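Heads up, the next two complexes both have chain A, just with different partners, chain B and then chain C.
And now, the complex of A and B:
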């Protein structure tokens, strides 16, 4: 028997079927577009559209359990997109290796054009703002805190003009991210195995997620900085 | 249908909060076979293909480099563990997640090869796998929405409503695409034309096992 709390408005309940139909129609339109297209990269982007329809169909359920399904679904979608684009890249590279003259375009980056950020606020304010953001992020913990602290790191990285960060530091940040991921997994597993240790596992997961998200956002900022300061 | 009817006597359950793993002789057998195969893969070395050279008398060895070998072994072991997890899980959504994970790993195992044709077919297979994640996850979520649970032990006791049947059909479509069987096998068959045999075989083995398990799960949900 399906249990629906009485305080859920009837409008929300009636949204379920339209959402499912909408998602299926989006998926159908996406498949049609894939069938019509010829270029590989366009097909890859259109396939992501179908992935978004999957997110709609899962989120239409709208319960706590469904929310627990959306995150892995999103991660799986992202991982598949990454894997397929990696395949596409290495295939093109092998093609270019076999015939270097076939493709004469240069290497691309996030910002193909030279892009110099020359603003005064970027030299005076960022230290303090970044510090405040990171402190506030640590206070928040969890996903939100990670995003806030990562924003602070991005701001710092964007505003400081020192170029060419050593590889060791980049690797170190990636290592912190990995360890934080392990913390998160341990907290998650502990939650199931020993439910009475919930507060410990909650804090393990929250701090792990904080470090994880912050270091990820920081890495994006560092990579972007490499591109932005290009002359 | 009761899972005692399908898998034999219930040997025990492993409760992990909401998720309750149940062990029947069928699931235990599948689980152990996959773990043994994974162990075999972890300790084995890759093959070297010998190809005849065109217009010459000598043969050429097609070898796999050490880096590629390591990456492939790692991904194959993970793929074996994911398949083993899909065999023993007692939760509908965990099954779909393991399924999607196997799909990604299958692409990953062949991603480092040098043959352009293999990469091409891996790309096509990846597109199919990604498109089929819509019916796979959508079917699971429709079953969740119409029954309120994802536990197979509870689902097997429930009568199948039309919405559950619709969800199960969607899920079947998703499983067929993700594991690359019947209507979608054309690109997956081409992925094997590359050296590195014991690691490539896990692609086949995982989809074979997962189909057996998917049939059991769909019967549990529908009857």
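And now, the complex of A and C:
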């Protein structure tokens, strides 16, 4: 017997089997292509297909549970792609260093040309816009709020030559991340220990997630500045 | 009124065609062409998520697709510069 919650619409139920079969076909195509390829970077690109098949299978559930499972899946896939590409690059560098005749050329970034952001809005508006974005993100809390507040931090970090406020240095990212995990875990445990405090634990978890996502997005913005602001 | 199922089946077909194009499509010897072909499949998955009303998942998928494409381009460009076999 299969338990189906009564609030799942009938359309989603009729779309369940086609979604599963389609995702299986996509996963099969991706796995065959990975098995047939020899070169590492092609295998890394083809891994995306497996991730897409995973997303379709999870989304076939059709409720909020699917949405809650897709978000970490996507983020983990992103981190995995980043880590494996770095490993590929460092392995290739080791190969070149082992060969005495070859010499490493100067490394380049994603933007080969100097890419200076000389827009007027970057010098006049960022304080106010970043403040509004961060305040609205804190008001929203949770994943969405983290993304909005992180957008504010990115905007401020990209236009750090703004007059007025001193330059924000996000050195304590690791500490903020630890506090966020503590909030999240306390909220999670409290949810089971004292279920009548559910709104407190919900807000603990939401604020932890806000700190986490905002600091991560801000960190990405700081890393991008290394690429963008070079002369 | 266009039915939701139309979006759903079109998305599934687009995802399958896109994954076929990524695996054995024309010009996939070049890793950049292969990366672009992955976008077709991801647009199909976007349509599937749209038909299921998964707004947050859709937004995150779009954002991570962009970031993954940038990461892959950076890796491909650096590998080609180092003279590796790509």
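Definition applied: the second predicted complex is superposed on the first by the 159 of 231 C-alpha atoms of A that agree within 3 Å, B and C clash if a C-alpha of one lies under 4 Å from a C-alpha of the other, contacts with A are read in each partner's own complex, and residues count from 1 in each chain.
Everything below uses one rule, namely that contacts are C-beta pairs under 8 Å (C-beta built on N, C-alpha and C of every residue); 3 or more make two chains touch, one makes a residue touch a chain.
A quick note: this is a predicted structure, and the numbers were derived from the prediction, not measured.
By the touch criterion defined above, A:16 lies against chain B but remains apart from chain C after alignment on the C-alpha atoms of chain A.
Of the two partner chains placed by the overlay, only chain B lies in contact with A:54; chain C stays clear of it.
When the shared chain is aligned, chain C comes close enough to touch A:96, but chain B does not.
When the shared chain is aligned, chain B comes close enough to touch A:195, but chain C does not. Of the two partner chains placed by the overlay, only chain B lies in contact with A:76; chain C stays clear of it. Of the two partner chains, chain B and chain C are each touched by A:88.
When both complexes are overlaid on chain A, the residue A:65 reaches chain B alone and has no touch with chain C.
When the two complexes are laid over each other on chain A, chain A has residues 30, 44, 48, 66, 77, 81, 88, 95 in contact with both chain B and chain C. In the complex of the two chains, the chain C residues touching chain A come out as 4-5, 8-9, 12, 15-16, 19-20, 22-24, 28, 31, 34-35, 38, 41-42, 45, 48-49, 51-52, 54, 56-57, 60-61, 64, 67-68, 70-79, 81-86. On chain A, the positions that touch chain B within their shared complex are 1-3, 16, 20, 23-24, 27, 30-31, 34, 40, 43-44, 47-48, 50-51, 53-54, 57-58, 60-61, 63, 65-66, 69, 72-73, 76-77, 79-81, 83-84, 86-88, 90-91, 94-95, 98, 191-193, 195. Chain B meets chain A in the complex at residues 16-17, 19, 93, 97, 100-101, 103-104, 107-108, 111-112, 114, 116, 119-120, 122-123, 126-127, 129-131, 133-134, 137-138, 140-142, 144-148, 150. Interface residues of chain A, counted against chain C in their complex, comprise 11-12, 14-15, 18-19, 22, 25-26, 29-30, 32-33, 39, 41-42, 44-46, 48-49, 52, 55-56, 59, 62, 66-67, 70-71, 74-75, 77-78, 81-82, 85, 88-89, 92-93, 95-96, 102, 104-105, 107-110, 143-144.
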